[in-house]
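My structure is below; once you've seen it, I'll send some questions.
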């Protein structure tokens, strides 16, 4: 049986997800694509050979859609997820669950047991580098972890980025993955920043410190306007050794007195495999198969709570701030 | 529509292909698996949830099979390919087309126009590293190529390996990929070898020189019992620069005074992506889609002719030997 | 004219300096070596073919000594430096100038203009990697710096190490080099640490944050019992790019499924060139030549002041702490 | 006692040697510099603070010169070496001993026992990478060697380069170092080449195969007009592993979507340490100390014999050619 997937959002992310599902995921096909900008929706739909609509909620309701991928702007996530759940349709929502902790908490609380229909797009958990890293930690190859250095840099921030959205939209990946790698929740955070780069009108770069329950201290070096390339790094230092993601360039090209490896300009080539494997696991799960490390709505809520603590620290002179995950009944 | 695939061979390669098609290829499912060793066939079939038989020709004939993957021992390839074609079923045959040039030529000659049903498993053409390398050459990033260094090393050779089978079964990958990268056929070869390693009872390592029609001189460093790891390298040197595949480890692990990257023990992790993309392209092509750089039976014949010339040189003191591709009518 | 050098201290560092001066520095020879442990002094002296004494102050006074290298325990530095200056002899003192800020300040204040006789062993300034890095920044290759990540890890801490000595004896290298690379003094610091490693009975690792006057935020990741190797890293992130020291292994050795680069077990191989070039520059300067980036006593005082602020933060819950460099008259 | 060194040749190599001896070699000073181009000689002499003459033979005879470094054009080597020996002065001659085998043989034969005064500038033997590599082989880390890949590439060839001079002047480094690494003489060679690069009017690149007495097969990939950078590589493949020189860049600079390491434009930065250590060992030896792996005149003769065999193969369709080292009496 082939799962019929509807994709909400025809921006870079949505178009990419539609193409990945259609071309590279076993057991699924894209049947509908929605975007308020119908021209954009149609272009993306034509690329995969499906129909387009301009109303995301119509997509959720459509009979030809068994399950939904939400890749629309962050602020639209809660309402769309709610609609999917109310229609009884499984949904894979891009991170974050919501830009605010209150909305994330309300969503999870309201949905109750039905949150099991919701998965969240923390795709790094499927990146072969991160999964190898986690397995290496589990195998004890470097001993008990003591520090983690997580680095996320991009060429330039999108329009409308703020000091806060840099946390809720970008650093949120680091906030999820550090806890996932360590298998320990983040309990305390502190926000710091140097003089901002001339390319940004908000705090960029940022340096966030995290304490996890296991006593590990982590740094998150976030720099959205780093210009030189899309560059995600992670090092876990243990009591007996250290393990790091390696820059994933496949080719070395030497010319003009330089030995060069190419950086990607954005996240798509870097995480193409992670997105593919995430979508495959989600589809597998819809048929009763194994979903692997697929994130849940509750994982999204926890990440929102950490992001909220980071923003509190940002507005409070960088003071160490406790993470408080709101109670949401039995949903966790 | 989902293509129903039958897989012949339940060894490492066949079991791996079955799993890849079933789990990671869009638009296909495995419906039957054949191996004379029925227990092995059944184990592999159970792993993907399909039926097993012990007669490969019964698989070819089975109504539940639309297309066939042949991953049985080299010597069985020609008869199985012939049976598939006679049954009108598309077949993806693992390399080589046949261990001998005569059999390869007879097969292509006999099949005539129906050879279009046959694809050959030169999966390196789908490896993202090699495709990036080819694109880099095409973009002129290093100027006109002058030399290529292709290195293929493994931990240990399989049972029954000989000086000749090292060429027809292993070096054949290099023979295909060098010509494919350069877009120029190999016209002359020379075979050389050092003192053999203590681990082998045949000529291992081997050093093969290739001249392509474009005047490029290439080296193939083949070492099947290199012990240290499965290691495939390729460098193309051009008039303005040089481009090389980068060792693909995703993780660096530092411990015990060593900064280490892991080698795979065999080809599967190294070329998992290449096999997946090759199988996907083959399945796409069955539905009328683009097959990308998928190799044809004629490509297999050409590689057999080059391998044959290498073996002639091996038996003739390493003398430079012309490659003669047999005429096969209109089939090329 | 050949400068006759006396070396105080016959431990690892002193013996190494004696050997370097004798064998690899142009224009100098070692004439006397002093250590309270006369057997140790004699062994080191024999290795370079000079005389040994057990009284460092006798060495300072000896007629056969034109200039002195001090490589004895940290606490002995101020008295020895003072003796050299009073004898009118140039002295190159290993870092730190003194373990306490008060003593460093008193020394510089008391010596007044004669502090020009004192150089300090911040050898990283002579490491070809760091000098290339500084030149790269100066050339604008990465734009204006925004963050620095300085990492110092060793296999195991020496006997008697404490949370504080880790700062004054080890991190002091980072405190000097970060300011030197940026050309901007450190004005504020914050100390943090994860759960300590099982191998230490003091705070190890430590994570120190530094703010320099230019607005750059730096991290110092110090881990004296990291076990896996001696590993010093530095990355400077700028507005247009990032520049990093590369691990300096000269050889890759691949065996047993691992592609390996060797780490040094201690600092000597890593900084052999830096020590040689530092000693050469010091000797050159004694003859009126260029001393390059050789650190002064005042640089040592500044580093002591920063270390003192770090320790204040350590004892004060990690609060951001201002660096106060004591006034020392015209000596700066 | 300080050895007074005269340097013949004020080109790039001679000026560099003069500077190295003067600034970085313990126990030596440059007292005289000779070049037929007196202006050039004077400029180089001024840079190190010594006197200049235009007659190299006057330098050899000068009372202020204890020992001589010959860094003049290849063809002048034999006469200058002969003059030094006749004056009873030790000489370090840049490679080759002579451009022709006959002249090399006549020189060694004529000098007889006095050849012990002659050292030859195969500086790679002092490069820390190569010495580490040799030590790694000796330690058995990769088992018995089976193949070696030696790569020598430069940005552009000097004026007047020919297919033959590429061998006698450049590949001669590889011819010496391969035998030195393996501890086994080269007994047979074969010369090959692709279509030449558009940048050269002689055979460039060249691919030379070498057989050593121990049965190892080596490749020398020589490309003088490779344009992209000065790039020397070496890999030794053994029965249990493989060991390679690592590109020696000290800094990684990432910008404009490229992660870059700089290549040197010529050999000086790459081998600065090797030249320094070679000159130091030569000076040490003059005082009775250890000369380490310093090459002798006989090593130079052997390299000339191998180069001669390569050129014979070049002129003979690449046929495998035996190396014949002329008998020179007891001098070897």
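Just so it is clear, A, B, C and D label the chains in written order, and each chain counts residues from 1 on its own.
Note that in this section a residue touches a chain if its C-beta (ideal position, glycine included) is under 8 Å from a C-beta of that chain, and two chains touch if they have at least 3 such contacts.
In UniProt terms, the chains line up like this: A, B, C, D = Myo-inositol 2-dehydrogenase / D-chiro-inositol 1-dehydrogenase.
Remember, predicted model here, so these are calculated numbers, not experimental data.
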Chain pair with more C-beta contacts, C-D versus A-D: C-D
Chain whose average C-alpha position is farthest from chain D's own: A
Separation of mean Cα positions, chain D and chain A [Å, integer]: 56
Centre-to-centre distance between chain C and chain A (centres being mean Cα positions), rounded to whole Å: 43
Centroid distance [mean C-alpha coordinates] between chain D and chain C, Å: 37
Residues of chain C engaged with two or more neighbouring chains: 142, 227-228, 240-242, 249, 254-256, 261
Residue ranges of chain A touching chain C (in the complex, touch as defined): 142-144, 146-147, 149, 192-195, 197-199, 205, 207, 209, 211, 214-217, 219, 221, 223, 226-228, 231, 237, 239-242, 318, 320
Of all residues in chain A, those that touch chain D in their complex: 155, 227-229, 231, 247, 249, 254-265
Contact footprint of chain D on chain C as seen in their complex: 2, 22-26, 28, 128-129, 132-133, 136, 141-142, 240-246, 248-256, 261, 273, 280
